[in-house]
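Look for chain A in each of the two complexes below; its partner is chain B in the first and chain C in the second.
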Partner chain A sequence: MADQLAIGSRRGLKPALPLLLPAYLWLTVAIFLPLSAMVFFSFMTDLPLAGKEWSFTLGNYAAFFSQSLYSTLLFASLRLGLEVTLWCVVIGYPAAYVLAKVLKGRSREAIFLLVILPFWSNGLVRIFSWAMVLREGGILDTALNAVLPFKINIDLMYSYPAVIIGLVHSYVPYMVLTCYLTLQAIDDSLIEAGRSLGASRRQVLWRVIIPLSMPGLIAGSALIFVPVVGSFMEPRILGGRTGTFYGTVIEDQFVAVFNWPLGAALSFILLAVVLIILALAAPVLRRAG
Partner chain B sequence: MAGVQVANVSRSFGAHKALDNVSIDFADGGFYALLGPSGSGKTTLLRQIAGFDFPDAGRIAIGGESVERVPVEKRRIGMVFQNYALFPNMSVADNVAFGLSVRGEPKATIATEVQRALDLVQLGKLGGRKPHQLSGGQRQRVALARAIVTKPRVLLLDEPLGALDKALRVDMQIELKRIQREIGITTIFVTHDQEEALTMSDRIGILRDGRLVQEGPPEEIYDRPQSEFAATFLGDANIFRGDATGSGIKLPDGTTIAASTGASVPAGAKASCAVRPERIRISTGAAKPDPANANMLTGQVSKRIFAGNNSTYFVDRDGQTLKVIVQNTGAERLAEGQPVVLSWSPDSTVLIAAA
Partner chain C sequence: MRMPRLTAFLTATAVFVSALTFAAQAAEEVHVLNWKGYGADEPWAVANFEKATGFKVVNDFFNSEQEMLTKIRTNPGLYDVVMINAAFNDQAMAGKLIQPIDVSKLSNYADIAKDKAGSPMLNHDGKVYGVPWVWGLTALAINEKSFDKPPTSIAEMWDPAHKGRVIIRDDAVEAVQFGAIASGQNINDIKDMDAVKAKLTSLMPQIKTFWSSENDWNQMVASNQIDIGTYWSGSADRAKTHFKLPVSLVIPQEGAVAWLDAFSIPVGSKNVAGAEAFINYMIDPKFYVEWVTKVGAPVSANTKAVDALPEDAFNRKVMGSPDVAKRIQFQAPVTDEQREKYLALWQELKVNVK
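What follows is the complex of A and B.
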């Protein structure tokens, strides 16, 4: 019986092979090859370009541990990732709740479009628009001073809050979408059942709705946390001098200093740290959900 | 425990009247079935009582106090939903404990109450399971335990047995009735199934297009329906239409049918008569006048359906097909095409005024 099943499934795979082949080819070319090239680079002393001398070394990885700057920046980036993820939860989850459970029909479509819009606009355009809003004498400063009776100086540009604002704006749609999908799947009768059992709206939210939307919150957080830790565009443009993070240092190695091996090694260290964090968080989050 | 009074309640969705001036008095401790075709407003009425939705007009009182301004969670009702609505992320015991725990009861009290409720629905050993590990009937019992553990004043059930197969359904009907008697809770039970309504409830209300058609004990509705709809919706009925004579009706072909129960209709007005299939006697041969079975018609058997303990005969007569149910007493069965005489008593004939 087991044999037959095995044969059956093998027979099932064969016709599927031509269909799977393009996908695997694409994965090999687009992800596996460049990535292994980077792994290779990370163990080299120099780029093998223009006939330069090079040899294998562990020095690029050692650099991370010998200079405290890198680990300090890594911690700053992890903190940035955590803060941005938290803000995305705080802003994105209520928005998703309203979209999924309160709005109906036309107004839902309209709000949905507003949420998705940042996705469709170019990242640079988005960041420079924030620069115009946040700088001294910019839109926010002018508007607030026009309304308030006293003079205040709003210059958020080139500061940590500016980086947070820019990143949250870029990434909050992920949280809204993943949470919207899980909230949508929660049957309204569960909410009514909770209320009929004597729970207030708030109790139903904390005991029924939020636990049931955990998968969406976790997926959204992972989708946001990982790229934010390695982000460089927002910190550089909106953070200015204060915007030096782990991601910007990596970018420097590739674009400015031209030390690809060090950049690659730093990237893989980041990847390892992020994977460890996700692995440690997984059981805790699973229990919460 | 408390009764529920629904007085002149109306609820519209746009131009559609889902409830139209409905008044029902649900007695304290009674088992009340709401019966009606799909879309007749049964769920809508239940939702008004629960407080999930609010009437446009009319008044609802629970235990004599108006609940107009009382939110769902303060109405102290228990509800069992058609899809059970168990919390999928919680164990069976946590589902049942939910109502007590949001109230802030001490842990020890919760544990004993939950165990008692689970024992009551005979699921004492399954407290640790998740809802998706239960069968349909078990889920339904968990939903019931969850609804009654908080000691609500009223239990609302929206077609709770709808998804179960026939055998399990009958088991659950008996169990539900047992539990209801044991805790003596006012119960309002929505169902599609007329047999379920007849066997389980003290009183039945029939809804149609948002209006209450008739309301009363099952025997009364079955024996004295006040409309053709009530007669045919609750049980089977043969309907004759004609002109009232004062003591019955006269059919268009001149035959008279005597009726001694039902409405009184002035002679000459349009009226109909309803006769239950099991009240009609079917015989072959010449018609003998019999004062006890004064109503007599002749016809021809067009079809017979054998159902074990009884047979249903379809008898054609003057363009109308009549239904007759005969107990299986071992007597000779009638063949299709055979001419027959149908007779029944005026006491079994209900006179109904034309709508």
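What follows is the complex of A and C.
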């Protein structure tokens, strides 16, 4: 491993090796090895436990293509990923802009803290809190009915919107943080120059601010899209009967039916699809950036 | 050569963890694997058993039968007692996961109902692989607030009045067998799968969500979000007795799925004597009566234990009545092939609901 790294190295790499080694060692042990094991499983007919017979097969991958079920679900999950990413942009970008360009000092710190706060709590706790808010007779329902003069019935729990709300809430801080970093790096004099040369506020936003902060938007979107496509906890708890997604089916294969090979194959198909999407999007996004 | 290396690969973590556990394990510990909150982990029961025998009980839990099988497969030698649904006993025995039990060491074994003790699901080649513990039903349970008088038919689940207030368990086998009962078929020999599918398809729009643990069910009732759903008889009893929820069990006239839970001793158990003592304690009438009174439980397989209950107790009066016995169908083992077919159907139903 160390030798391989050294061969292609420029001069700067060798002294850096001792610093890189722990990280690469960790990646090898914690990611590369289990992932290779999963690749291996995905080509097996059965797990070699308790003396069961097994052999190599492509059947697990074929299962994906032979049943429309899986592609339907994958589509639903990709759509979920896109929608959640979109909402995160809509909510996160303005917040990041305000943090970076409008607020200063104490108030910025306070708002920043509020953005990061969800990271300090357990994901499962957050999802269950949403369950209490969204259900009929829950916090949202009760609060709105107490204020509004007419009676409305809010029962968002166990629906597609509930899944979106839960996921957006979990992932929006990523968007705020990545966009904040790039927005903050934009020199205010560029904005002033644009304004003094006659650009309207809107033109400045479209021609100066958004292009310059594009790397943050892209990084945030990738950070959100990829895990959301494979999410299973939020759909399962908040989605009710509409909560079946690609991720929940993979989870079922591992936990409920003990069909690890199929679960592994489904996971790698997801990985491939996500990589293809990112690869296709890369040139477009690079040009935009 | 490939086998051991691969197995080691897969179970690396499990082995590592169990190795640590072995190091710390005293010889007198009894490791028990069961559902959480299902009798064997009641603190008072554990305390009584430990006081009487000197063994120390260590509880571990599973959330599905598959998880249970995985746990005993990947942790050979860790567990001394495992609770296995009789329908899965075959599979565990065929996988050489459990060993024959010397029932002469269990003083309470003689009191177990003959039909349960002699069940072909638990006895193989004249040897006993499972000691019947309790049996119960997967029937319906209702939120008492939503009904003036309890319904009698399974068709209530399809009543438009309960649209969006019905709940069923997220389990392919249970769902398909429920559909079989609703379409008037034998749960162990489903001839007309299309009828089952049609029944379940029309049920889907009624459903609020799927439950996977007792806690899910109880919370839905506590927050008054459901009217009716499939539930386990012991769980309904616990919801009423222990959690004081407005839940009551309904055994529909069309029938219900019955299951038998039994204790087995895994191959490689380090404390067989402790395991035998624990199993014997679990089928003891004294433990059972306390369990029913304090917490709520399914029906004991031990006839003396059931007779020790008050005469009007649900588990004695209703569950023991010949009328109910005629309606219920005991679950037989499900083959892997069937299971996969059921799962495919169930997944399809869940996806089409979108």
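Here is the rule we use: the second predicted complex is superposed on the first by the 268 of 289 C-alpha atoms of A that agree within 3 Å, B and C clash if a C-alpha of one lies under 4 Å from a C-alpha of the other, contacts with A are read in each partner's own complex, and residues count from 1 in each chain.
Convention: a contact is a pair of C-beta atoms (placed from the backbone, for glycine too) under 8 Å apart; a residue touches a chain by one contact, two chains touch by 3 or more.
The structure displayed is predicted, hence computed values, not measured ones.
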Ask   = Sharing chain A, do chain B and chain C clash or fit in the superposition?
value = fit
Query = More chain A residues touched by chain B or by chain C?
reply = C
Message = After the superposition on A, what does A:196 contact: first (chain B), second (chain C), both or neither?
response = first
Message = Touch test for A:136: chain B only (first), chain C only (second), both, or neither?
response = second
Request  = For A:208, select first, second, both or neither according to whether it touches chain B, chain C, the two together, or no partner.
outcome  = first
Task = For A:66, decide between first (touching chain B), second (touching chain C), both and neither.
result = neither
Task = In the overlay, answer first, second, both or neither for which of chain B and chain C A:121 touches.
result = neither
Ask   = Regarding the shared-chain residue A:241, is it in contact with chain B (first), chain C (second), both, or neither?
value = second
Request  = For A:184, select first, second, both or neither according to whether it touches chain B, chain C, the two together, or no partner.
outcome  = neither
Request  = Using the touch definition from the top, say if A:28 reaches chain B (first), chain C (second), both or neither.
outcome  = neither
Note = Closest CA approach of chain B to chain C after superposing, in angstrom, is 44
Query = What does chain B use to touch chain A in their complex?
reply = 50, 52, 71-74, 76-79, 81, 83, 85-89, 98-99, 102-103, 146-147, 150, 156
Request  = Spell out the residues on chain A that touch chain C in their complex, using ranges where they run on.
outcome  = 37, 47-51, 67, 69, 72-73, 76, 135-138, 157-158, 240-244, 249, 252, 255-258
Note = In the complex, the residues of chain A that touch chain B are 187, 189-190, 192-200, 203, 207-208, 211-212, 289
Query = Which of the residues in chain C come into contact with chain A in the complex?
reply = 2-3, 6-7, 9-10, 63-64, 66-67, 69-70, 73-74, 95-97, 171-172, 204, 207-210, 223-225, 339-340, 343-344, 347-348, 350-351, 353-354
